[in-house]
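Should a chain be cited, it is by its letter among A, B, C and D, assigned in written order, with residues numbered from 1 in that chain.
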Amino acid sequence: MSRHTSQAFTLRAAAVLIGTVLASGAQAAVPTEPETPNVATLASPNPGWFYVRGGFDTAGTQIVDSATGKMVGMVDTSRTSDMAVDPAGKFYYVSETIWSKGNRGTRQDLLSIYDANSLKLQTEVSFPGRLIIGAQVNNFAISPDGKSAYIFNLTPAASVNIVDLGKRKFARNVELPGCAGLMPIAEGLVSVCSDGSLASLNLSGGKAEITRSVPFFSATNDPVFDAYNYSVRRKEAVFLSYTGLIYMAKIGLKPEVAAPFSIQAAAGLRPGDTKPLDVNWLPGGRQLTAWHHASNHLYVLMHIGEFWTQKDPGEEIWDVDLSAKKVVKRFPLEDHIDNIEVTQGDKPKLFVNTGKNDGYILDLATWTLGPKIGAIGGGIIATVEAP
Amino acid sequence: MKLFNPDAAAEKLLRRFAGGTSRRGMLARLGGALVAAPVFPLLPVSRAGAAKPDRSPEAKTAFARKAQTVDDTKCDYWRYCAIDGALCSCCGGGIHTCPPGAESSPVSWVGTCMNPEDGKAYMIAYRDCCGKPMCTQCMCDNQDRETPLYVPQLNNNIIWCFGTQSMEYHCSTAVMVGPA
Amino acid sequence: MSRHTSQAFTLRAAAVLIGTVLASGAQAAVPTEPETPNVATLASPNPGWFYVRGGFDTAGTQIVDSATGKMVGMVDTSRTSDMAVDPAGKFYYVSETIWSKGNRGTRQDLLSIYDANSLKLQTEVSFPGRLIIGAQVNNFAISPDGKSAYIFNLTPAASVNIVDLGKRKFARNVELPGCAGLMPIAEGLVSVCSDGSLASLNLSGGKAEITRSVPFFSATNDPVFDAYNYSVRRKEAVFLSYTGLIYMAKIGLKPEVAAPFSIQAAAGLRPGDTKPLDVNWLPGGRQLTAWHHASNHLYVLMHIGEFWTQKDPGEEIWDVDLSAKKVVKRFPLEDHIDNIEVTQGDKPKLFVNTGKNDGYILDLATWTLGPKIGAIGGGIIATVEAP
Amino acid sequence: MKLFNPDAAAEKLLRRFAGGTSRRGMLARLGGALVAAPVFPLLPVSRAGAAKPDRSPEAKTAFARKAQTVDDTKCDYWRYCAIDGALCSCCGGGIHTCPPGAESSPVSWVGTCMNPEDGKAYMIAYRDCCGKPMCTQCMCDNQDRETPLYVPQLNNNIIWCFGTQSMEYHCSTAVMVGPA
């Protein structure tokens, strides 16, 4: 009944809003007429928006308009949930785990589907389980055609749970032994594995088939970060290793990984090393790289340290021209930054945030940092490509 | 209406409590409660009389003396004289608009705020928007004529998400009711 | 099964803990023998402990030992829940409201009972509903004999839900029209009402009988704070009004309220006033008073302001000797303080905390403030009387 | 045991994963996963050989060079070289003891930390204590030999509350397993 009431309010709201706008021109006309409460609706997912998660142990993803720095709405992401956007822009998908009594009771693993404009819950789809982790990228993805949701699971054995978004039903579980992270392709998905290979999962047939690439990195000596960047449209990914090697890869059933280059060498410095006492600029953070697909620039959080400081926050942003394999800009940060993401339009902006839930928007046209946006969330950041 | 104290402000208040919904059961219980406890005049300002507004500093609370009428995303916007919580204006909503996906509470606490432009007092219904994780933007805690819990309709600590799908607090609006 | 395992661990733990203690004396003996994980148990509720709630929208009540300033455990208080301690010290009671899917689903109002030593959940008792508010004192109480739990409810009509703690079942709902707050007495409970009276609820008969005292304050002109102090043992309460009038009262079926005195006058200043432009020292905060029963001293958070600043945090603590009606000490605070509570032993200590979840212990023997205790919680504080 | 790589450290690790509980189903699945993905040598330190500990600065991570052995309520206590979270030692528990009412996870991530006193490396099981609201005391985030998610047993971002009543995270312990 309450829902019904809200919809009635929305109809009346238009008139009231017009009244407000007209009134604000004239000084004397501070609105004092009785008003009817109503509920706003949201524009469809916008490539100019940042989706900023709360910190660990907090809920909610604030949507921030990169043009204004203002919050335009919030997706109901419960603690340790993952969010993805429907490629057609009609829905927000939240993959979440909720106990029926908060910290006890019955475990419920749900794919919750929200209308992208009303932000109202449409339905919930149950599935067998998912990895619970302080929100992290690449653990939840939607297939390029928007028909399947892929949910990374770890029990601690690794697998992927697949939800059919057309039928809104759980479809199947497929094992991903020794791998993690989900890069959806037309035929299925690709994952990064502990033997240094990429595993391609072909889901187009009746039975899932897994094939592995030749290993291209060593998880023991110099692992690539699991917060890598992937573009569904380009079918390409960029991996960065703890020492600072950048690998560009074509992603598909038979991935191709190019020879890496050193981010430090690309900036005219000696490459990173794993040895103790070797202090260098190193990559670090949580979501520590942002890739602007069209310009092929990678923005990397860098700090000064020894090896095994891969989670240290960024003290500088390095702008890497991946085509030229050159660091073309180093931007110092006053606040230490955990996460970075970029809008995909032709005037890209960066969003960075801190462990204290402060955020900043950085305009890449001028490399000017906007004012601090407080209490905006310290978690991972998402953007969407143009619809 | 003989159950109700004829004080006009209180009557308006009770109408707001009903909130245009058909929650008669709730209204009846609340009515009973207010009758059993004598309804007191809502606030000094309501006695000032609308005809001759007193614009002197002596008639204004500290909040009212500093309040502005331009920016409803700031805690000192005039209507927010008794708000406590996140301003929905900063959360994707507006001064009387819940952010997308939130649910407006059918009942609310009320404030009586002085409009700096006409010097008159207006009754404001602070309706909470509910059912979403808390919005952390623009946290305000204003206190004009805010009362303890035993006068709940003027208390702003309560989560006023009565009658909504869930009582998770998202943010608060400041809906104009009319002259106090 | 897991519970069973933990209990087995606990038995083994004693031996291991002894080993650790012995080892820490000798420098060379950093323990390197394989260990078995175990679970600690907690001493019974202690008059030297502070129970400190997290901030609004956060869960958990940290138990802090006033002797060391260290956390000794945590009670599982969900968001907006209330906690009370069994007078016999055997249980913690948590009155809470949990939706089955976090921010949606089925509402569950539960009295959750935890063993005071294992902190394990014993049982949950359902009841019809409770007030949901950022945690506040006086909304949840246990009867002096420990047999009944009183849960304040507001729908927004006021009532009290009574749970029989012997049978661990909901007993009944009794209306408390126009009143709030719960002071349990042998025969029932006493509440503060909007007409300025105290309502006494006699629950000893079959039907609840409510009687009202003569009004002693005006909720319109100068209300008393709802965060008043009550002692079950003394059957006395101390009320403080917004302007700073202190009322001492005997609480029972026929309460007696003494004539008030002004806290400012007790400090040699002019009394507080409700008029705009009248700047004075005024009481303010959330849990803004602490009463040490044995010495009959009241500790009050005071700030400089005009009327309608009743929630402003404290800039000073005023120590009021209630018997002498004198302010005997004013203690300035660097951090602005929202909440204050006192231990009830013969060497009382205060705990104060801020909106930023920082806390401090203040030793009243010397009026020295301990070091800042970070991330300890910004919510209300509880202490218990000696068992 | 032919399912397992004979590397001794890995074997120990897998025994810890089983955790003395009878969760054979979980162990079997994990075993399968680790076999399918070749088990790599756990870390450089394990190859150093326990007989001749290398105490030179060149052999020690930045954490190990600064680690202390006296106070297990500080982030730089030697065993915490790869811990991430609240120290149970600060929450009413101890270095291998969950605080009252919490539940120790039967599985864990592991670290290999150098003991400054004997210069030897030890394997540490970081068991999460689960089922209570997060303890906010003594938050640490150390990183020695911490790996990405595709090597989960060395990843400290995961909430390691597998097989507990609920997976709410309370704090983390650092349980001594033995020489690495």
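Just so we're on the same page, a contact is a pair of C-beta atoms (placed from the backbone, for glycine too) under 8 Å apart; a residue touches a chain by one contact, two chains touch by 3 or more.
Quick caveat: nothing in here was measured; it's all calculated off a predicted structure.
The distance from the centre of chain C to the centre of chain D, with each centre set as the mean of the Cα atoms, comes to 39 Å. Spacing of chain B relative to chain C, judged by their CA centroids, is 28 angstrom.
Averaged C-alpha coordinates give centres for chain B and chain D that are 53 Å from one another.
Of all residues in chain C, those that touch two or more other chains are 59, 76, 78, 102-105. Touching of two or more other chains is recorded for residues 132-134, 165 of chain B. Under the stated contact rule, the graph of chain-to-chain touches falls outside the line, ring, star and complete shapes. Contact between chains, as defined at the top, is found for A-B, A-C, A-D, B-C, C-D.
Of all residues in chain C, only 59, 76, 78, 98, 100-105, 108, 110, 121, 124 touch chain A in the complex they form. Listed in rising order, the residues of chain C touching chain B in the complex are 57, 80, 97, 99, 102-105, 107, 131-134, 136, 139, 154-158, 175, 177-181, 191-195, 218-220, 223-226, 275-277, 305-312.
Residue ranges on chain D touching chain A, taken from their complex, read 17, 26, 29-30, 32-38, 40-41, 43-44, 57-63, 65, 84, 107, 131-134, 141, 143-153, 157-159, 161-162, 165-169. Per the touch definition, chain A reaches chain B in the complex via residues 1-3, 5-6, 9, 13, 16-17, 20, 27-28, 30-42, 54, 58-60, 62-63, 70-74, 76-78, 114, 117-120, 357, 375-377.
Those residues of chain D lying in contact with chain C across their complex are 20-22, 69, 78, 90-104, 106, 115, 117-118, 120, 122, 125, 127, 129, 132-137, 139, 163-165, 170, 173, 175-179.
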